[in-house]
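The next part holds the structures, each set out as structure tokens.
Across the two complexes that follow, chain A remains constant while its partner is chain B and subsequently chain C.
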Partner chain A sequence: MSSFFDIGYVFEAIPKLLSYLHITIEILVLSIFFGLILGIIIAVPRLYKIPILKQIATLYISFIRGTPILIQLFLIFYGLPFIVGMVGIDITRMDAFIFVVITYTLSNAAAFAEIFRAAIQSVDYGQAEAAQSIGMTSWQTFSRIVFPQALRVAFPNIASTSISSLKDTSLAFSIGVMDMMGRGDTLITATMNALEVYVALAIIYYVIVLLLEYGYKFIERYLNRYLVKEAI
Partner chain B sequence: MQLDFNFIMYALKELSKVIPFTLFLAFTPIILGFVIGLIVAFIRMSDLKIIKACANFYVSFYRGTPVIMHIFIIYFGFTNLAQEVLNVSLNGIPLYVFVLIALTLNAGAFLSEIIRSGILSVSKGQIEAAQSIGMTMSQTFRRIIFPQAIVAAIPNLTNICTAFLHATSIAFLISVTEITGTANIIAASNLKFLEAFIAAAVIYWVISILIEVLSAKIEKKVTKHIRSGVVQNT
Partner chain C sequence: MIKLENIHKSFGKMDVLKGIDLEVNKGDIISILGPSGSGKTTLLRCINFLEKANEGTITIDNLSLNVKTAAKKDIIALRKKTAMVFQSYNLFQHKTVLQNITEGLLVVQKKPVKEAKEIALELLKKVGLEHKADAYPSELSGGQQQRVGIARALALNPEVILFDEPTSALDPELVGEVLDVIRKIAKSGITMIIVTHEMNFAREVSSRIVFMDGGVVLEEAEPQIIFNTPKHERTKQFLKRLTPELTFDI
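After this line comes the complex of A and B, so read on.
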């Protein structure tokens, strides 16, 4: 039995894997940060119905939603040096980490763009009219009236996108990034304890997801603080 | 360096041969997982304390860990168990079987959530009405709750279908030759990685769009009787 599954090694592996946790977190934080910015940029043409740009944004979102993240990872890894190479810049030796951040940013941006669009459209147009009728400028209307309400609708979706993004980072090692999965691979080659290493990794991911969910619940409660509670 | 369009066409032709296998890998888990999901959903809505806690853990664990872990743990778990405890080798079993098992368990977790929210979307008044005219619990479920729950679940089921199609690409990491794996093989033997993965992306994209179109058609058909708003839909 002990040779089938060595529970002791699971606990031995966890600290070794955790020393690479910061890479995973860096990928996650950077790709969510840039993804939010790019997501807003992509959502604008569809919200304001700008011709041509709107179609491009729709096509972009459809492509990202229609292809696996692994394929997107390979397309960026092989495609970006090709595209940049056409203007004479050589990035074939660029750190794989950057390719991963770019891929997850592009992927998150598509998801966020859809979330923003739905959230902003969920705010009744009468509210914007009311804001303007009391003399707010269009920026004031957006930042004080529409945005806070849209954020409340968007937040749970942003939270769940960030959690699936965390899980997706486990594929980054396939283009050679040394994150927790990459470290796990080297541990397996060294010790042959594949099952134990993957169980340890699963535990780490699970705990991070639970912590994130717990944290998001607090933020959600904060965003909903003005909602009138149903009478009991 | 230039893009070799002829090679993309060649790759598209080669990759389309493994589409049926990829669809088999994606949809078998959904069908089998539906049964698991149904059972788990019922357990989670019941009052069976300990089993309920297990079901909750199963769902939260599978939703909280990457698919690649499920595949690796099932693969190494089964082969180690067979080797060390039963002293048999599982080398004869094709690798995709492990992917099917992992994805089925994964589908069970996600589908149980979808089924549960579908069932909860049916108002309690309907269940009471069904029982008041003398339907048994199983009749109420089969004739009243299930048909409505499944309609409410169509958008989520569509998402699951595309998510699982995309998840099969991970099977390539344990050398299963589905679309991504095949793309990798023909890319490596011709040293044309970008072209091969462009072809793979196109195939995934087209299948995903087809799934969405099909589900929109089905949804339109099964919600035809629902009338709402101020203008009659035709």
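After this line comes the complex of A and C, so read on.
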């Protein structure tokens, strides 16, 4: 074991780790994309107070919020093949990457569902009435009047959930996905430079988060364009 | 051309409208007066189905809907014949003043963009806000927002405009500018039904006054009759309290 901190190795490790960045980004983008779609679907029963489905959605959200993502990852990784196996489909050989995307999608969906519900409820109902009063259909009212304003309210929370989610992807290697974290693990085993590798990983994650935050700020500014300037 | 027959509406156990009949002719300007809780606003909102009445028939032009059996598409067809001006303006906050007015023209009436813009700009001129076309509602005063609300209603060229207490949410010094705009369009011959607490305004612009109390229409007559020789005790008390200068005895 090396007794000195080798700063040179940090810079040596960064490009090696970055060559697996695309896996991290793929997990993130896919799980946010599918999470948003599933999140909207889960938000609907609670918004429209649909019996039974509403309770299921509430239970789902509460379970996801109340359990660590690492445990969810193992539950899906070991549990899903078991459940699907009962109906005769064998997914035990499915790529671990897909289990990771499923887990993060399910987890993000719960967070997004709550964000959407609160955001949609925050839009003044009077505007929806105004839209209906001029003969707009329910769908036109939702898509043209309610949703764009709900998106503004939801966006900062969606952004912060996606940043948490990015950091959570570092757990994917625990079921054997070779992402940046997984690559880091192999580098540590090979070189024993544990601290250097973790410093390198910290730098990479931090820079990605800063870039995301910078990008989100621009989107937020656009979404807030119609608010009185002083109020922002 | 507008006919309400036997409109009943209750919220839970509370009967808010107990069988309202009302006929409005083309070009009429009807003011609905009455104490709070008399059902004025509910009646207005039943006309365009923002509130679904429990019983009754609503007819506008050739479209006659039984409220119990009205289908979604009939309701939308009826709403296309009406427009509403709301107490709290209800402008689309994420759209500019111009877009607020063109929204219905583009989405509901499917007019081309150029024509919609022309109509909107012309109406903004009418309400004195052409210089605010690109502003967002949050940048306007209450009075200005309500004038945009009126322009938005006018844009659709409806058979009737429903005004739901259009000045009640305004600071007193802004009431005048909104009433001036309503006066102006009242002269253009468009049919209007106005729920208001502005007695002098109602007296001046209305062709007919409907006085409601406790979910029924107590009396209905030309303004000079209602304000000078009201029949019902309730009407007398109400008008006297709000306009002490009236001369009749209770």
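Throughout what follows, the second predicted complex is superposed on the first by the 227 of 232 C-alpha atoms of A that agree within 3 Å, B and C clash if a C-alpha of one lies under 4 Å from a C-alpha of the other, contacts with A are read in each partner's own complex, and residues count from 1 in each chain.
The rule is short, and it goes like this: a residue touches a chain if its C-beta (ideal position, glycine included) is under 8 Å from a C-beta of that chain, and two chains touch if they have at least 3 such contacts.
Given the structure is predicted, the values throughout are model-derived calculations rather than measurements.
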{"item": "First (chain B), second (chain C), both or neither touched by A:71", "value": "first"}
{"item": "Which of chain B and chain C A:174 touches, first, second, both or neither", "value": "first"}
{"item": "Partner chain(s) touched by A:5 [first = chain B, second = chain C, both, neither]", "value": "first"}
{"item": "Which of chain B and chain C A:60 touches, first, second, both or neither", "value": "neither"}
{"item": "In the superposition, chain B vs chain C on chain A residues touched", "value": "B"}
{"item": "Chain A residues contacted in one complex by chain B, in the other by chain C", "value": "none"}
{"item": "Chain C residues within the chain A interface of the complex", "value": "48, 50, 76-77, 79-80, 82-84, 86, 88, 90-96, 103-104, 107-108, 136-139, 152-153, 156, 162"}
{"item": "Chain C-touching residues of chain A, taken from the complex the two chains share", "value": "124, 126-127, 129-137, 140, 144-145, 148-149, 152, 225-228, 231"}
{"item": "In the complex, chain B residues that touch chain A", "value": "1, 3, 60-61, 63-69, 72-73, 76-77, 80-81, 83-85, 162, 165-170, 172-173, 180, 193-194, 197-198, 200-201, 204-206, 208-209"}
{"item": "Residues of chain A defined as touching chain B within the complex", "value": "1, 3-5, 62-63, 65-72, 74-75, 78-79, 82, 85, 163, 167-168, 170-171, 174, 181, 194-195, 198-199, 201-202, 205-206, 209-210, 213"}
